[in-house]
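Note that subunit A is present in both complexes that follow, paired respectively with subunit B and with subunit C.
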Partner chain A sequence: MKRRGLFYLQLGFTLLVCAFLVVPVFLSIMAGLTVNYFVGIESGLTLRWVMEVWNGYRDTIFLSIGLSLACLAVTLVIGVPAAYVLAKRQTALTRALEEMLVLPVAVPGLATALALIVTYGSLSGFRTSWAFILVGHVLFTLPFMVRSVLAVLSAIDLKTLEEGAASLGAGFWPRFRDIVLPNCRQGILAGSLMVVTLSMGEFNMTWLLHTPFTKTLPVGLADAYASLRLEIGSAYTLVFFLMIMPLLLALQAFAKPRPAKFVAEDAE
Partner chain B sequence: MRHETRRLILLLLPAGIVFAAFFLLPMARLFFIGGSGKTGWAAYAAILTDSLYLDSLLSTMAVAAATTAATLVISGISGVFLQRHKFPGNALLVSMLTFPLAFPGVVIGFMVIMLAGRQGLIGQVTQALTGEKLVFAYTIAGLFMGYVYFSIPRTILTVMAAAEKLDPKLEEAARSLGASPWRVLLDVIIPGLKPAFISAGAICFATAVGAFGTAFTLAAKINVLPMVIYTEFTLSANIAMAAALSFVLGIVTWLVLAVARTAAGSSVAAAG
Partner chain C sequence: MTDTGNKPVSIALTNCSKTFPDGTRALEPLDLAIHAGETVVFLGPSGCGKTTTLRIIAGLEEPDAGGKVLFDGVDVTHLPIEQRNVGMVFQSYALFPNMTVAGNIGYGLKIRKVPDAQIKARVSEMLAMMQITRLADRRIDQLSGGQRQRVALARAIAVRPRALLLDEPLTALDAKLRDTLRLEIDSLLRSLGITAIYVTHDQAEAMALGDRIVVMEHGRVAQIGKPREIYQRPATRFVAEFIGTMNRLTGSVSNGTFTCKAGGIAWPEAPSSATEILFRPEDIRVVESGEATGLKGTVAAAFFLGDRTRLFVDVGEAQPLVIESTARRDFSHGDRVGLAIDPRGLLVL
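Take a look at the complex of A and B:
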């Protein structure tokens, strides 16, 4: 009977933790739709704040979507081939390269952003364009694409598949296109969702890299939190949730995020 | 075979160029700029010798350590529970615990304001109960709360994956030998989860040390290192000091992760 009690104790605790995470989300959604949050829900529901966000911060939404897609394109083009090489040649050198690629995730975004500014900040055309932010996002998201594809490639018997194709006369590039790419579809999908989601929410770097003309959604959020009334901040957060929720649901549904992404995926 | 090596290098090259040009080179430059200010290379020592920076380093470490401890306890309890007991609604609880994974720090800061800010829930409840309004969002306690908020989703999956691999037979054996649930926890479950705790804990710690968005949203009187760096850079325009401090910060987080990786025997990296 004692074990039953323990069960309910743990269940209660877990529900409390869930409440801690979920309640503020609901509060903020409510606040974004309430006429006056201080008075409460009695003051009525409205879409006025959402409209104000749309009018004032529409650009940030489009910039964030564009940036995350550009970031996805770049990480696909440079990340998938890199993952293939890392899967194919498992030497001390490639392992060191893999470790290095993860550095921008380990090092605080603030440091990376400062480093980019002191190095390329004087190239004014580059500094003021959205490409400057893109560079930061690519550095930060690339490891997720590489790891995700690498995990899938390490799990399949790539060598046998490729040897089979080679013995049938397939050259290097046809093998890459017809054998390797289709086989790491799952990893590419998971990596892509992760890249887009992270790019959409990146703030630590972006806050330093942005200019008044290149404000992303999280930058706009920080702006709104600091200077506008709570209801507008909330409505803006609501817009952000609406954009990111489908991505998160998709991630949970078919990508099954690997525990902490980086915990010993390689068989040791 | 030589031919193939050349092709492989070709495939690795684009990522390598981007990485070298936009990460390695800038980081090297950051390092040298850190030593180019009024005080020269002493800027790197200032983090330990200047009480302003040392204080912020210590409070950053303290809040990160507290976050890590609290998160591991919370994720440990809930993670093992959700892995062990499959009941209707289990999957829903797991997704509720993991969905804030992609919230940026600024949004987390706002969540803290919703809970503990001037118009927050905690303030309203405490006012109704005691007549005294409890507001702590803009202090180090609020920052701690925010860091725990974003660390839970990051650690719970790791704990659950590790709990799945624990052998229930070991616990049965311990129990049949008369061990109390408390002893089973201390001698069987926690040692079994130790590698997961180390790697997840390192991620928590490193993320909390380097996080900036949450502190930025809560602003005010929070004196953590990333805020100090930001102030040096923007308000004081002391770029050399900001560079030195952020380089040190980067080394600290990298070291924490590297040490944890050796200890846990698996690859670890911070996220977000």
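Take a look at the complex of A and C:
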């Protein structure tokens, strides 16, 4: 029967997803909680490795949180007005700018990082501060903020809405505050979560940009895997998960489209 | 009270033209005086410059250098819309989706820093006036087209503007609702006594609402006048054909008679140079059998409409004549009919 064939195909696909997505994650988490990974789960469960991660890499966690929030602040300040201008002025120049904004996503992070180091690496105060990583992260995440806000702004008739507000006496700033911002709230929220998540997990660029004193969470993770026990590396993954999962869930919730409402004409 | 609180304003445009950055000339130099409290309708096909003119009056566009916009004699040419205190209703309504109905109506007052209690009172007054009180807390996406239209009107009026500008406010609605709302807008404008400018491409709307109609074509004013003048004494062929139905006969004048293929029309005041005459369907009738007539034609089509019959009569011209007959008579295709034209309705353009 055809339906049976399809059923097995779906089951096979689900199992494949489990085998490569869910099981490794689960095993990795278990490894981080196991006393001795090579002995197996019989050796007992422990939070010792998690505590070691906390003691050894606490700073990377705080730096990552701080960095992603700073990155969010910068992308909000630059990205939202940029999206507004791009939405309002559709010229050849703004279209070119829009394309160029996406370049850092297309170009390998390593290349961007190298270019930054070549250009600004000699400014030692800047090179050794976390601001150096921040620049890289902003370059990488800005297009996600701009795109996300721009998508929402393009879907509404922004020009007429603003004209409507202006006809009621609202100048530029009240219009921006009362009409533009509230109407692209969804885009700003989705963009914000995207930026924080991406900044938190960014490794490529950060790996080149960091110094021993400016290690972020993913860089620390690589470090832990490379130089310490497998259990600590796995416990590190667990910590990373705990931080990133709520963000991803929130992202999912905001990305949900609002159901369109049908309204019939009143017979009046 | 439904007063606007502000004295209606007179509006004057002098030498206002508009050229867009790409070089398109949307509006040829225009002079126009709108009296305080009157309703003026800008009528014309799309691209005739009617919306551009409205936007210049609103302050959403500036006229080309040399043009001036005066409100009560005061130059407001360079004043942006937010400082002109005009109420505007947009074709797409431009209601704010992030606010409720009440929030939309009260927004202009909030911007003017009116105390909350007064805003609430004015919003309730507006809701009651537009009969949408029960919709106060609805979101905009929960409203039908007709309801949105009422909210847009209420929002524009709530701030007691000096003039009300309406840009094709009924175009987005279906025909039946359009008729109802046209009536409502008409009585609203009368009761407010506000200076109102109404843009439309619908001649029936223009005739019904306008104290005066400004007919526009290709960025120029074709004619300004009361609806009756525009209809009965169109200044140009364009106006004659854009508004209502116009019949046309070609021929020549001699000895006080206009002669065409279908026969002759006695017309003592006929200008001798006339080679084409125009007239409305109501100025021509089918004569009773036996009555003397100079014109004859063949019924090409007859539509019985209940109160009258619309006839298309072939008289050897490119277009058949349109005749509205109230005669209790059954017309059918191919009937030979005699026709009589009232010379008072004849136009030469």
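Throughout what follows, the second predicted complex is superposed on the first by the 254 of 268 C-alpha atoms of A that agree within 3 Å, B and C clash if a C-alpha of one lies under 4 Å from a C-alpha of the other, contacts with A are read in each partner's own complex, and residues count from 1 in each chain.
Throughout what follows, a residue touches a chain if its C-beta (ideal position, glycine included) is under 8 Å from a C-beta of that chain, and two chains touch if they have at least 3 such contacts.
As the structure is a computational prediction, the values presented were derived from the model and not from experiment.
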Counting only touches as set out at the top, which of subunit B and subunit C does A:24 meet: first, second, both, neither?
first
In the overlaid three-chain picture, which partner chain does A:164 touch, first (subunit B) or second (subunit C), both, or neither?
second
Who does A:41 touch here: subunit B (first), subunit C (second), both, or neither?
neither
First (subunit B), second (subunit C), both or neither: which does A:103 touch?
first
Determine, under the contact definition given at the top, whether A:6 touches first (subunit B), second (subunit C), both, or neither.
first
Thinking of the overlay built on chain A, is A:179 touched by subunit B (first), by subunit C (second), by both, or by neither?
second
Have a look at where A:84 lands relative to subunit B and subunit C in the superposition and call it first, second, both or neither.
first
Give the label of whichever partner, subunit B or subunit C, reaches more residues of subunit A.
B
Looking at A:51, would you say it contacts subunit B, subunit C, both, or neither? Reply first, second, both or neither.
neither
Interface residues of subunit A shared by subunit B and subunit C, listed 260-261, 263-266, 268
Per the touch rule above, subunit A residues touching subunit B in the complex are 2-3, 6-7, 10-11, 13-15, 17-18, 20-25, 27-28, 31, 37-38, 74, 77-79, 81-82, 84-86, 88-89, 97, 99-112, 114-116, 118-120, 135, 138-139, 142-143, 146, 172, 197-198, 200-204, 207-208, 218, 221-222, 225-226, 230, 233-234, 237, 240, 244, 247-248, 252, 257-266, 268
For subunit C, which residues count as touching subunit A in their complex?
58, 60, 80-83, 85-88, 90, 92-98, 107-108, 111-112, 131, 141-147, 155-156, 159, 165, 174, 177, 180
Counting only contacts in the complex, subunit A reaches subunit C at residues 156-157, 160-161, 163-171, 174, 178-179, 182-183, 185, 260-261, 263-266, 268
Tell me, which parts of subunit B touch subunit A in their complex?
3-4, 7-9, 11-12, 14-16, 18-19, 22-23, 25-27, 29-30, 33, 74, 77-78, 81-82, 85, 93, 95-107, 109-115, 119, 121, 149, 152-155, 157-158, 160-162, 181, 196, 199-200, 203, 206, 209-213, 216-217, 219, 226, 229-230, 233, 239, 242-243, 246-247, 249-250, 253-254, 257, 265-272
